[in-house]
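Below you'll find a set of structures to go through.
Heads up, the next two complexes both have chain A, just with different partners, chain B and then chain C.
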Partner chain A sequence: MRPLTLRLVLLRCLTLAGVLVVVVIVALKLGAVQVSLYGLTRDLLQVFLHHASSLSSNYGMIVLDIRLPRILLAIVVGASLAVAGTSFQALLRNPLADPYVLGVSSGAALGAIVALIAEPRLALPASVAALFTPLGAFLGALATIAAVYFLGRREGQIDSGTLLLAGIITASFLSAVIMFLMTTLTGRDLRGTAFWLMGDLSSSLQPSLRWVLGVGFVIASATIYASAADLNLLLSGEKEAMHLGVDVPRVRLVVYVAASVLTGLAVSVSGAIGYVGLLVPHVMRLLFGSDHRILLPTAAFGGAIAVVIADTLARTVVAPAELPVGAMTAMAGAPLFIYLLRRRMA
Partner chain B sequence: MPQLRSVADPREPSRAPYLVKLAANAAVLALTFAAVANAQAPQPQTPTADPTPEVVNPRLMFREVVDETGRTVRIAQPVRRIVSLAPNITETLYALGLQDLLAGDTDYCDYPAAAKLKPKVGGAINPSLESIVNLHPDLVLVTKSLNRLETVRSLDHLGIPSYATDPHTVQDIISSMERLAEMLGAQQTGATLGQEMERQLAQIEQRIAPMPTARVLFVVWREPLISVGTGTFIADALRVAGAKSIVDSTQSWPQVNLEEVVRQQPDFLVFAESHPPSSTPESLDVLADLPGWRILTAVQNRRYAIVSDAVDRPSPSIVSAIENLARQLHPEAFEEKPLPAAKPDSPTAPENPAPPASSPSASRLLACAAAKPQDRACAL
Partner chain C sequence: MSSTARTSMSSLPGSVDPQRDKEVRLSVEQVSYAYSASPSQAPLFTVEATSFQARPGEIVGILGPNASGKSTLLRLIAGALAPLSGRVLLNGFPTHTLTPRIRAQRIAMVQQESRLLFPARAREFVLQGRHAHSRALRFESPEDTVIAGNALAQVGAEHLSDRWMDQISGGEKQRVILARALAQQPLLLLLDEPTLHLDIAAQVDLLDTLRKLASQNRYTVVIVTHELNLAAEYADQVVLLQRGKSLRVGPPASVYQRELLEQVFQTPVTVELGSSGRPRVNVLPGS
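And then the complex of A and B:
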């Protein structure tokens, strides 16, 4: 392994950032309404120069008020999922781990559905009601993660195998509860709730929610990155890491909580978008090696690129209708995973 | 526009995840096996078991009819016990005064209120076959857009005839109701009710004829944004109310891109009352701050129309929902003095429901159709 230098990390991140910028520009251009690159640049410049009010064109508004926020959401969600997936794979030392393996998505879906059922009965003020469902999803995700954490302990210590099994069983139990609730809901309600299980980025976020999402992402990612070197040592084994001076239980808890928060935030605004958190870390590991100091940031960029591309396809393939982005990532992700699997075996 | 579901799929085009559907199918399959096993026992439903020998000619005891999905159904005459598996059918039976024939309905059959008291057989998508059998119906009524083909097949295995309605337009709703009435021996009531519905529709049409068509977005669900396709009866109801959906999709419940909506700039956003999160004028205030939505002129001008949930049900009360919507979309059309044929009520005040009368059936229609009168036009 070549010695890791700051220059190397920055170089790779900048390369991926360049790819992301190209992808974002293409994504900004594509959609139900065609825009020219020139018009796009002009509009974006005007916004950066704080002359947004001078924007008169409806098309510029579409791009800036619908397309750009949605692409930014895709970037944050994709980066969160990939970073969370990388963390869980290192934490559980299992290549099949992804952000949803511990039941977070089922917990979030259940929280969202319960919020959807309860909301009309609570007579909340409209401003609170609008945040109620994402809040329900986030709380559902965190409650699930906490429950799995306590179920997955053995003799006061986290045990990877037990944790994984606890997660799978919890997810399956929660899915059963969701199924029960959904069959007792009317068909009309069903259509909206299914969104939490299929993944979708079309929701307009309240501006306040955008801040929560952005700040949460930065804090949680930075927390995980601070433990990147410890995660490398953890990969060689717990005892070995302990002997090398790593406070294993503390690192585990910190990374576990931070990755859970990332997943919870992502799932509460987008539903469960599959395969991103599973595949992107593997691809990045193949490209850049398994040093977490470089794997974590590159995975963040990779996840962002993947979700932006998937969401652009989701909203353009059958335009003016839409597909759930989760369907796009699964259709592309499953064959890619099989390919990586066969390649590794050969 | 790719169809996500097979065309022959009779189920409601729910966006239920595959696993849920799979599990539900498995459950039905299991029930079907149970049903086949049951079929070896003496048929639970022997229409000849009717002790009253009032039918002299045995050839008249059965009748073959073709239902609206093209299935030939052999139905006992007269029909004495009906199980309804769809809220719109339950409501239609009440409107026809045939509630005494209704032996059971689903958990969702909540209108009229008396329908809640009927024995329940579960949901529309997953009814309990055992409960249906236990009610000894000689006819089960289903509707293609809501019930599932598996349910109908299981009923076939049990030897219980089922008749399916499949209305796609407002006219279909009327003719479907009349056919049902004729089959159930209430031909006269059905014809009267049909004429009354036609009369009210003609009146609405006459009033809004000079008005320009309003371009609307019917919001089935907001996040993600789901609307109605061109082939649904809701799209037709919009047309009758003097509106046109901006969504041009062959899917029944297409997910729509918000950009496309902004490009089209609909004149009105139409919500059903119980759309979650509940569609009160206050709850729609959040749209004004929501990115994307706030650049819709309909949102900026608060051009919202909120219609009663009757718009969701292909039953006779659709007429009241259409009128309600037409009043909100074209208030000017209803401002002038009432047309000669119209009832002399004040043009802006909601109609009062007529008291339920035993006869004639036209007043029954009014009791039914004027269910949730409201005049909540938020339009400027």
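And then the complex of A and C:
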């Protein structure tokens, strides 16, 4: 047994970063328009080494302007969902918690839709209007996790079964409200929203929203990581963590808000992509152990890798048509979730 | 070796000899507490003014029937609850005003049960005790590892170091939990029914270890327990609670009176002097 050191964490992250780079290059190559892997790698290297300002060939526009932004979006969304899932699992002391299962994604989606409907009536300037949806999604996520947290308590203690049921009921209630609101939408809006609800990375983002997404992810993740050691102790219960020196109310508040920010951001740009926040932390726990100082960063990389792969499949398996990426993650994730649930009960 | 235990009288303000006060580590002064579901309602639960003092190396037992306020008193001592009146001083500082981090550097609590969500090895579990002492990013230093190793050795559990916590026996687990408390390097060691799920051999083992630790490392130890005879054997003084009220404080011999115990526990008993010179309680069934 080696003790966990910063060096070990960095080494693991570097390995996963390598895997992510390979996955990204393959994802850049695959698509409706065929690109040679060798040519692509060579061209990308030239761009990164500043020998060329853009990809030379005719596929440059497709690869850099269409596929790359989408892949970067998939990376941030995947990492956000995985970090949020890991945080919820620690705070609620429930390995089956994740933004989607707990209804937090639905809450964020509802918030985003309410913002979407309200926004044209407020006549905001375009750059502010773009931020209105993520704000709505964040508030929706925060309100939902607060509701589920209180519904899931029995006699002052978080109860695992009650909590999951509270999440599922909350999600189904929120879905009904979303359906109701969607009847007020028409035509193109309706189809776009329906697709987005399933999880969709194909829409292009306003530049201001890109910044908010990137900066928000870095700040929220760093905030959660600063509490990584506290989260380890919270796993053995709030009272016990307090006696070991954790400022429980502060850690709980900070991490809930930061995880809700991550969920809200991810949902507002990509809809409700399920199971990433649930399964990625599980796999990383099997690979690297349950210490949050290594689990949080590896889960971020794992989530990025998972969503990039899922989105690449979503846009290639029925090319030139596309599946929502949420359909891909659910098809792979739901059976795995059942498996984990059964194993836990055994 | 054995220290003189004092009664609640000596802890009243004004009656304390300043020279002797220097060595008092824990001073519980007229502490009371009330819990109610809402501020407008009558309290559901109260602890009335309780006082006692304890010095380094001393073991205090808190006794009483269920719902007599034992665990609440322990949490008041730990500083996890703020007293309604009175105060709990640890080396002169009120415990509930300390930050969680400082508090954990001085007070360690061993709870009835430590649940684990994900498997951990005993060594990692004991390292949790170093949390309050570690730096910002909180990766354990070699010093932390040494302290955790020593803590395991002190409770005779170094051989468990690499075992998984969910694969060791109840007695072994309780030792590892105690080792985690020692790794906090506290002044005050609090235990809430540590012998609850243990067989007799493991109970005696644990209490022997505690007595050895208290006298060698000069911990002040406070134990909440239902085991009257174990408390009589190991405690230097005991606090007897009934419905939130401390009926008597003092060495076991002065507290273990037949009439008093029968009234508090609502059970006929006899009290005799055991071979160790400590009182022994026998329950009389069916009478």
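Keep in mind that, in the parts below, the second predicted complex is superposed on the first by the 242 of 346 C-alpha atoms of A that agree within 3 Å, B and C clash if a C-alpha of one lies under 4 Å from a C-alpha of the other, contacts with A are read in each partner's own complex, and residues count from 1 in each chain.
Note that in this section a residue touches a chain if its C-beta (ideal position, glycine included) is under 8 Å from a C-beta of that chain, and two chains touch if they have at least 3 such contacts.
A quick note: this is a predicted structure, and the numbers were derived from the prediction, not measured.
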First (chain B), second (chain C), both or neither touched by A:M242: second
Which superposed partner A:P95 touches (first chain B, second chain C, both, neither): second
Which superposed partner A:I62 touches (first chain B, second chain C, both, neither): first
Partner chain(s) touched by A:A229 [first = chain B, second = chain C, both, neither]: second
More chain A residues in contact [chain B versus chain C]: B
Which superposed partner A:V318 touches (first chain B, second chain C, both, neither): first
Sites on chain C touched by chain A in the complex: 78, 80, 99-101, 103-105, 107-109, 111, 114-121, 123-124, 127-129, 131-132, 134, 137-140, 145, 162, 180, 184
Complex contacts: residues of chain A adjacent to chain B: 31-33, 58, 61-62, 65-67, 69, 116, 119-120, 126-127, 129-130, 132-133, 175, 178-179, 182-184, 186-192, 194-195, 197-198, 200, 202-207, 315, 318-324
Complex interface listing, chain B residues touching chain A: 1-2, 12, 14-17, 19-20, 23-24, 107-108, 123-126, 146, 220-226, 247-249, 251, 253-260, 262-263, 265, 274, 276-278, 282-286, 289-295, 312
Residues of chain A touching chain C in the complex: 1, 3-6, 93-95, 228-230, 232-233, 235-237, 239-240, 242-248, 285, 290-291, 293
